Structure formats: C-alpha cells, structure tokens
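Look for chain A in each of the two complexes below; its partner is chain B in the first and chain C in the second.
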Partner chain A sequence: MSLVSGPGRGGASTGHVPDEIKLVVEKHVEYIQTLDTRQDELEYWLTEHLRLNGVYWGLTALHLLGHPEALPRLATIDFVLSSQHESGGFGAAPGHDAHMLYTVSAVQILGTVDALEELDRRGKAGREKVGQYIADLQSQETGSFAGDEWGETDTRFLYGALNALSLLHMLHLVDIPKAVTYIQNCANFDGGYGVSPGAESHAGQIFTCVGALAIAGRLDLVDRDRLGGWLSERQLPNGGLSGRPEKLEDVCYSWWVASSLAMIDRLHWIDRDKLSQFILQCQDSEKGGIADRPGDMVDVFHTVFGLAGLSLIGFPGLVAVDPI
Partner chain B sequence: MGKYSDSTEWEDVDPIPQDDGGPNPLAAIAYTEEYSEAMSYLRAAMAKDEKSDRALGLTEDIIRMNPAHYTVWLYRADMLFTLQKDLLQELEWLNKISLKHIKNFQIWYPYHVPQAGKAEAYGLRRHHRQVVMSHIPTIPPTETAFLALMFAKDVKNYHVWSYRQWLVRQFSLWDSELPYVESLLQSDVRNNSAWNHRWFVIFARHMDPTKHSIKNGDADSEVPPEIIEREIEYTKAAISTAPQNQSPWNYLRGVLGKKGMGLVELKSFAEQYADLEKEDEVRSSHALDFLADVYAEEEQKERSGRALELLARRYDPIRKNYWNYRRSLLGLKQVGA
Partner chain C sequence: MASHGVPRASGVQPATDQDWRKEQQKIKDYKGLVDSLNGRIREHQFNTETFEMTSKLLKWNPEYYTLWNHRRLILRHRFQYSNSRGPNDDSPPNHEALISLISDDLVFLIPLLRKFPKCYWIWKHRRWLLDEASGLLTASETRKFWQQELALVGKMLNLDSRNFHGWGYRRTVIEALERDALQAEGLSTSMTRQEFDYTTKMINTNLSNFSAWHNRSKLIPKLLDEMKADHQVRKKFLDDELELIERALWAGPEDQSLWFYHQYLVCTFDPKYTADSMVPEITGAESMAYVRKEIMKVREMLDGAEDCKWIYQSLIHLDRLYHELGNDWFEEASHIEGYFDELTKLDSLRLGKWNDLRGRINI
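Up next is the complex of A and B:
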C-alpha cells in the first residue's frame, strides 16, 4: 500500500462550506484502490519503511467503508508473509529488518482478513514463534517493550505487543502486571500519559496506554474523570481535536482522542456533531481521501483515522469500529 | 551506470536488487535509480556483514536520501561500535543532518510526506543519538547548543523533549535545567512542553522510576516544603500574566496534590479571575473550573454548581456534557442547551 499523498486536497475546492457535507464513500474506496498504481512517484519509495503499516491502514479503511473485498485478499496475505523473517518478526517490506511495529501490523492485517492460520501453513515462522518474537522484546526489568533488539522503548510498542498477542491468544507469554506498572509510571500530573515516565502527555500515547490497560483488563487504574477532562479539552472551537495543549487540530487525533474517551466511557464529553463536520471538511469530495486539516494533501494515514473517528462517533454509512 | 557500479571501491561487490515478492505484487517497488542502486549495494554489504569505512559512507548516502529507513540506521550503529569510530565525530555529523533536515524538509521530501514518515525520521535520529551518546562517558559541551538550535526550530518537538529528558537522567543534569526551563517559559508562558519539563526536573528527580508514585494526588514527603511553596508562587505569577492558560492551572493542581492539602488555600487567588457575582468579567475558564472544586471541597454545592453552570452555558459550552457530569456528581441537575 502506497503512502504517497495527494493528489487531492481536503476541502480545498470550495472556499464556502455547505451546512451539510456528505461522506463520499465510493470516492474513498477508489482513492485507496488507486494508491498502488502510483509506484512511479518518488514518495512511494521514500515511504517504503512504512509499507506494512500502509497496508493495514488501507485495509482498515476499506473495512470501515464496507468494502473489504476492494483489496485482493490473497495478494495481501502474500505480501505480508513475504515480509516475515525466520525469527517470527516482520519487516516493513521484504528486505527490511524485523521490528515490533511491523510485526504488529502483520498480525493485525492477518487478523482482519481472518488468515492468522496462514502463519502456520506457509509463514517463515508459525504463530507460536511470532508470539515469542513479540514476547521476547519485553524488558524483564521494567515491563516495557522495545521495538527491536536495539532496545528503544515506547508505549506504542507496549500497546502493539499486547494488541497482537491478544489477537494470537498468547497474552500468557508476557508479564502483564509488570507492563501495567510501567504504564502507571507514564501517568502524568495533568491526568494524561506520555511516551515514557516523565514525558509530556500526548493524545497518541494516551491511546496506547489506555488501550494496553483495556487489553490487560486494568482500566480500573485510570482516573477516568481527570483523563476524560484532559481529553475533551483537546476539542477546538472548529470541532477538530489536537494532541496536546496549545497545538493545532489534526484529523488523526479524531481517532486517538475519541477512542481513548470511548474506552473510558466518556465519548459524549466532546461535541460529536462538530467533530464530524470537521472531519468531513478535510475530505477531498472529488477524488477521495482525507487530509490532516482542510487545505492540506490527503493521505491514507489521515483517511483511515478520519474514517475511524467518524465510525466511532456513530456517523451513518460506516461499519462500527472497536475502540481498542 | 551509477555512482556505485562505476566506482573502483565497490567493484568487488555484486549488488543485490530488490526482491519485491513475485510477479505483480501488491506493493511492487518503484525506486528512482540513485536510491535503488545504493540500496542494492547496502543489501550486498549487509549480506556479507561487511563492516568498513566504505559501508559507513554508503549508509550516510542512503540516510541523506531517506532518513526514515530504520535498517540502515541499525547497520550504521553496529559498524560504529565494531570499528571503534570516533563517536564525537558521529555526533557532529548527526547534528549537521538533523538541522539540515529540519530546515530543508521540503528538499528532502519534495512532496508532502505523511506525518508518520516524518515522525519516523525524527525518532530514528533521536534513537541513534541516544545509542551513540550512551557510549560517551561525559556530556559533550556542544550538546546543549545543539538542542537549543533544535528548539529554535520547534520548541514543542516531542522527540527532542523526550531525548532531552533522557539526557538529563543519563548525565544527571537536574540543577542546570531549571534556569533553562524558566527562559523558555519567559518567552512563551503557554509552552506546555516546558511546563511538563519543569515538573520533570523538580518532581521526577525525587521519583524512583521503578515505583509508581508520579500520579497527581500522591502526597510526596520527599519534596522539600520550601520547593513546593516556591513552585506555587512561581505558578501563580505565571497565571497572572495570562490567566486563560491551561498549563499552569494544571501544574498548580499537580503541585497542590504533592502538598496533599487540597485546593482551598488558593481560593482567593482564583477568585481574582472569576467572580461568580460578575459573570461578564470572568477572565479564566480554568479559574472557574478550579473554583468549582474549591467550593465543592468547602461543601458549598450551590456555588460549585454555579461555576460549572457558567462553564457549560457560557465559557466552555463545547464541553457542556463534561460540566454537566461534574454537576451531577454534586447532585445538581443538567444545564440545558
């Protein structure tokens, strides 16, 4: 899946915003389908290191749009398996080193197209080994997860690990209480969570921390009112959501903020109509795709998170999404 | 024909072209020639686990073209340590490309690149820097100047902040950080990253990172009381310069939580910015929020409810469901739309 952006821009065609903007489902499906025909563009190879994530985003977008068949299932599985290493881990594309993020994407993709058993049938390593690859990246000392053997830790990896292991039914391979303690260490004085202990609260990191706690069955540890207060404060007067105080709104936070709120049962603390208006203003209603904000180029990353945000707040015409 | 295929330095190497996974693959790769050639030599060098100066040069070349390719960074770090290269020189190179990358992002990426790709490039450089730095015994004098330049470009860059915290822990720089934070807050009192860093250098240093104790509300006896008082005064002064600024209000709640004494002691301070009797003159929605909790602490439910009503109806209506929820906790009814 190509991460080439454009060609269209979100909401740029008309200066005037009509009261009611429609979600252009068919256009978005077409947009995602044509991404892979753009291999002659420079940006295509510059984003190769994200390819497997790109496939996951495109696939998820198509599922949300109710067109899961628009991406050929077998070719998708083949591509995923071609990125696997003997260790069980996956790289971003064939020839790239294995890394937690891509291994998680691979498991998510295979889970989405109901093909996890293909790992045992024709993967370079079966399910057991994939689970073990992920589990081995947990630090015995802190409970956090590294992205690769080089040991960088990030709550993104911790969430990804638990998410993939739960899809594989292999959560027993890791030390859940230690991971939970690590997340608690990332909690901040303002009610949010950061990328590591002491780091500034950030909506993306909050999603990973709350998501991991949800999978671990430990949402009881979250101060829901305080976190919900912080998250709802991210909504700006134009309806869009930002990731941190004093930062601009961006469509991708529609997902990080709203899904975190949903996980703690506080989604109604934001104005859902205003949010859906904002997301719709970011779509290119002629060529499909969604941008980070009106006037910018569309891309698959913001397309999927915009659609997921809309689905979460119950926008009609989309398949319902699970906040975790 | 190409930079590497024409070079005598690389003539012993058979480049390994991209194997894109069979005929008509979902994600067949279309490289431009220069990058594609360099990558084929990289694959060849990595296949025989070559660790050499020329391979280091090759990684430099590829990083110049695509700083978000993580494999090449890992390979480079591995070679640096095996060949026992001068790490200060590596830092110097890293400084150069980091600053250039920020300045000329549009030259590096002629098209708009998805945010994730940009973030990835930042993350990889930060990680590489951290790996290199953890092999250097004392902090090089150029490091803070470099960070200052990075912040001059974007003072809220999450990766740079995260690296800075790592650096403070690694070299125990706690004491010199506070004046720096103050200079940042002086130039922008709304910089939430700087407020967070202030918390980090004052309170996180007293924290055992393996134990859970940072959360707001955990009274912390290890922080000296005079520091708590100093922080309260500092924050009050910051609020007085810009009352409608959420960061210091959050910070103030955090500090009071450390003190473990509740919010009531700052009641008259907050009332300067929000007088319930003068609805038109409210200067800070955060003061209203704060006072709602103060009055609730004092069991003045009606007053607390009135502050929440002002927020729901007038000063923060986009979050009226949140404020109404707070009213419901007091047993009060909802404020209508």
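Up next is the complex of A and C:
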C-alpha cells in the first residue's frame, strides 16, 4: 500500500466560486483512496522519495474526515515496515536510504493506526532501536539534529525527532535542555524562528520551533505577543496565509501559521471565517483534493494541511486536531 | 511532493493511446535506470559509469535524496583514491586531482540550482562538497573555493533576493571565509562590515526585502562589538538606522518589512530587550526621549496616509512602551482610543488582536 504524493492530474476547474462553498468530504476521501492506483503515471514514480510522507498525509486527512477505515490498516503497516533499515531508521520507500524525515513519518503512521508494537513484533529493528536511531542524530555540541549521517541540521529535524520520540515515550534518550537552547539561538527580533541560528523567520520553521518547545514543556520561552503579531500579519485580504512577509498566500501555511498561533493562545488574532472560506475555495469540488491556491492543481500535501487548518479553526464536520 | 502554482487543467483531457504508451515507456526507462544504479551501488561499483548514472537521474529528479547519497559514496571513494595515489605511501596526496573532482561537481550543481533554487538536497550537497574540501585540502586551496561560492551566492540572490536557502548559504560562506583566513594568515579578517554594506545595497535595490532587513538586524550587534563601539558611537549608529528607516517608511508606509525593522530598532528602548540591543547601556530617560521623538515622527506620517493601519499600530506600540518606561501617557487617552477605532475599521482581519490589546490598556 502506498500513496502517490505528487500533484493530481486533470481536475476540472470549477469555473466560478459559489457564495456558500461546502466541504466535499466524500470527494476528498475518494481522491485519497485513488492516489495509489496511479502507477501508470510517471509522476507517481518521480515522487517515490516522498511515499512514506504521502501515506502519513493521506492517512491523517482520512482521520480528519472521519473515515479512518478508508485505507487498509494492515497493508499500511506492511508498507511502513518494508521501508525500514536495520539501523532502525526508515527510508521514503523500500530501497530508499534512511532519513529523519521518513523515520518520523513512519512513527507517526504507526502511532496513528495504533501499531507501534508492530516494530518489536516484526520490524527490522524494534522500538528501542528506532528511538536510538533518532537520538544518535542529535549533536552533543549544539543540541541540534541532523537529517542523516551526511550532516545538514535543520529545525525541521529537531521538531520531528522530539515528536517521534514523544510518541515512542523515549524523550529521555536526548538532551532536551540543549535542544531548547538551540531553538532559542534560532529566535529572531520579530518573535519568530528560522531554520538555523541567524536565519530569518519563516512560518514553517516557527511551527517546528514552537512545536518542539511545546513538547519540551518550554512555551514560557516564547514571546507570545510579538510572535502572535508577526504570525497574524501572515493573513492576506483574501483570507489565506503566507509564510513570510511580502509572499503569496498558500494553503499549507493554514496549518503552520494557525497551529503556531493556537499553541500560543493567539488563534483568535486572525479571521478564522475568512481563512476557512479561502481553504474551501482551493478545493477541487468535482474530483476532490485541495490545492495551494484556488484553481491550482491539487495534491495530498495541501489536502491534509488544508483539512488540518479547517479542523483547527473548528470547521464543522471534521475531527478535532491537536496543534502540536 | 507539493505542487505550487501549477494551474489545474481545465476539463478532463483523456490521454490518447499514443500518449499513454509514451508515458509507459518513460516510466520503464526511469525505473530501469534507477534499478540498475541501485544494483551497482549495492555491489560497490563506484566507477565512472555509475557516477554518470547518478548525474543523469539527478538532473531528472533532484528531490530523490538517496541518489545524492549514492553520488557522495562514489565521490568519497574517488577522494580516497586521489588522496593515496603516488608511487609510494610517502608521496604527497594528489591535490590537483582532488581539486578537479570537487570543482567538477560544484559545476555540475550550478544548472540544477538555477532550475531548482528551493531544493534542500542540492544546497546540502554543495555544503557537503565544501566541507570535504576543508577536510582534504590546505586552507588556501579551500579558500579559493569559498571565494567562488561568495560570487555564486551573490548571483543567486540577484536572481531571487528572498531565497532563504541563498541567504543561509551566504552566512555559511562568510563564516568559512573568516575561519579560513584565521587559519591561513593567523589574523582575524572580519567580513561583518562588508556584509552590512551588502544589506544596504540589497535594500536600496528593493525596500521590501525582509530578508535583507533581517540579516542587517543580525549583523549590527556584531559589527558594533567588533568596532568596540562606546555608548555614544552606538547611539549615533542607532540614530542613523532610525533615519534610514524613517526615509524608507515615508516612501513605502504600507510595507510591512519596514515596520518590522522599525519595531526591531524600537526594541532598544524596551527594558525587556535592551540588554541584547545595539545600545545595551541606554538609560530609561534616554529611552523615553527617543520614544517621544518616534511618536511625533510616526504621527507626522499620518498626513496623507490616514488609511495606513501600520501607522496606528506603531503608535499604539510606542505609546504603550512610553507608559511602561515612565508610568505616564505621552498622548491623551482619546488619541489612543482613536487609534484602536481606526484599526478596528482598517484591520478587521486582526480584530481579535486589537480587542485583546485594547482590553489590556488602562488609560
């Protein structure tokens, strides 16, 4: 079982936008279910390096839509385990090298379908080894995390590590205070955080840093008003959210901006109705799926983050989501 | 993964049989190449042919991160070979061969970076090559590479002055050049001033460049420390920055990048941030005088820009700060109430924020 995570194809454009747009739940479920039937498309193969993320996004979307059964549970677990390496780490798909990003997705998927014990039962490495794989990527010196043995540190990896380790109940394997210090070194005058010390604030990185601080129980370190101010300015007149000043709106930021605001109790600092209208306009209401902007090609990535955004702002008909 | 800005195809266009067959052939070619490459890597066939296969596939699909790992395995193998070549073990490592291996790969990456400037894996591979160079070559040999990188990243930022990969890479390059200079010549050659001037140049080209303003905010404290600036010099520096941003704000009062930089400068007067600011020894009285002056300057901007929400926002911020500093209000309550009223009208998206802040103020 695997899901294509690349762009959908040939969704018809809606022509005009009706005043009252509905969330097309059934269409989205169908869209996600058919992603894996597209093996006769080159795009399916060109996006294999994202397969495990794609499964996580599709699965989460289905859970939000209230249809967790729409993907076969056993086949999902089998696919996840088939991407594991002896080291404990996971690649994007069988034959792909292990990397933090996919190891986190694997743990998240197994956690979602309540199957973490399958790692011990039939994984190439058990839970303990998976936790150790992640923990070993922490730098003793800086507290940051690398993506794999080839180096490169990024706050995305730090958040992913803490997220997966907390699901595995293994946070004790890493140096949390050092990781927290590293995040503080990534903080900027505007209240936001960058991808590494010195880098400019970016909504995606803010989500990873605030999320990591939430897991570490150190949200007291966040300058809530200043960060809330910066994040709320991401909302543009059409209701959509952008990732940085002077950038265009994009559905995926619905999640990163809104969940960061929720974590610091400032979600009401943006117009939630306008945001939900914007996300609904990005749906392909005929074939299902959500795009980055109205009229664009849909994909499973924007579908899950659009739905998660809607769920976070309490849109009716969706299962409630945890901002972290 | 995520498609951005790709228009949805209008109407369903059923693929012709011929299109379908063509696509299936492409899939077969692609998968065949991938399988064959993976097999060669498993068998440790780190030869030219295998290397060329990674080139071909990476040009096709640079997001396929495992291929970059394959490529690095082959390169490491070649580095080792070059490093140990010679008639006997005493002969020096062949740096010329190493240099050409590294520079060939750097050249290979350039068209990819141009085509996929936001691909994390390409930037990662470039950093890796430079790190390898630092480990294998002498400081002066490595320095040449880093200097080329500085020129390259300058070009990349000319093409997209907001590419955060580019700005991040630039900081890496500067750090390396400063470190290498220290190693090679035993003297500290700070490039902070040069980088500060670079942000000025970028801002003059485009005022809305938040990335450049951001970098400037990171460079200033470092620059002042390196100058061993005293209190007066620091104040003068702050005055110049305030003047610069004021001129910019007159030109573009709707530009949020500018207001965020203004907010950064105003941090200096906020006791919460003073210690880390560019004038850490500023007194409460000095701060109050500055804030008073800022309120008057920002109020002037209202003339002809009564619809600009940023001005009201900034005035509320400054008024609150003034109150925190001295317990008095500089402006009358009715003025501040008026600013909130304007924001309620002009900035309805953030009504929740204005209601919160209004509720917290007790005038």
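Here is the rule we use: the second predicted complex is superposed on the first by the 308 of 324 C-alpha atoms of A that agree within 3 Å, B and C clash if a C-alpha of one lies under 4 Å from a C-alpha of the other, contacts with A are read in each partner's own complex, and residues count from 1 in each chain.
Just so it is clear, a residue touches a chain if its C-beta (ideal position, glycine included) is under 8 Å from a C-beta of that chain, and two chains touch if they have at least 3 such contacts.
Note that the structure is predicted; figures quoted are calculated from it, not measured.
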So, after the overlay on chain A, do chain B and chain C clash or fit? They clash
For A:Ser166, using the defined touch cut-off, is the partner it touches chain B, chain C, both, or neither? Pick first, second, both or neither. neither
### Message
Looking at A:Gln33 after the superposition, I want to know if it touches chain B, chain C, both of them or none. Which is it: first, second, both, neither?
### Response
neither
If we overlay the two complexes on their shared chain A, which of chain B and chain C does A:Phe79 touch? Say first, second, both or neither. first
Check: With the two structures laid over each other on chain A, which partner does A:Asn185 touch: chain B (first), chain C (second), both, or neither?
Finding: first
- Touched partner set for A:His268, first chain B, second chain C, both or neither: both
Exercise for the section: Could you tell me if A:Ser87 is touching chain B, chain C, both of them or neither one (first, second, both, neither)? Expected result: neither
With the two structures laid over each other on chain A, which partner does A:Arg51 touch: chain B (first), chain C (second), both, or neither?
first
When the two structures are overlaid on chain A, which partner does A:Ser242 contact: first (chain B), second (chain C), both, or neither?
neither
- Task: Classify the contacts of A:Thr142 with the two partner chains as first (chain B alone), second (chain C alone), both, or neither.
- Result: first
Intersected contact list for chain A, partners chain B and chain C 5-6, 40-42, 45-50, 53-54, 91-92, 95-97, 99, 148, 150, 152, 188-190, 194-196, 198-202, 228-229, 232-233, 235, 237, 244-247, 250, 252, 266, 268-271, 274, 292, 296-297, 299, 301-302
Per the touch rule above, chain B residues touching chain A in the complex are 18-22, 24-32, 35-36, 43, 66, 68-71, 74, 77, 109-117, 120, 123, 127, 130-131, 156, 158, 161-162, 165, 190-193, 196-197, 199-200, 203-204, 207, 209-212, 214-216, 246-247, 250-251, 253-254, 257, 318-319, 321-322, 325
Chain A partner, complex, touching residues on chain C are 1-13, 20, 23-24, 26-27, 30-31, 38, 60-61, 63-66, 68-69, 72, 120, 124, 127-128, 131, 162, 164, 167-168, 171, 208, 210-211, 214-215, 217-218, 255-257, 260, 263-264, 267, 273, 348-353, 356
Chain C partner, complex, touching residues on chain A are 5-7, 9-13, 40-42, 45-50, 53-54, 91-92, 95-97, 99, 148, 150-152, 154, 188-190, 194-196, 198-202, 228-230, 232-233, 235, 237, 239, 244-247, 250, 252, 266, 268-271, 274, 284, 291-293, 295-299, 301-302
Within the complex, chain B is touched by chain A residues 1-6, 36, 39-51, 53-55, 71-72, 75-76, 78-79, 82, 91-97, 99, 141-142, 148, 150, 152, 181, 184-185, 187-191, 194-202, 223, 225-226, 228-229, 232-233, 235, 237, 244-247, 250, 252, 266, 268-271, 274, 292, 296-297, 299-302
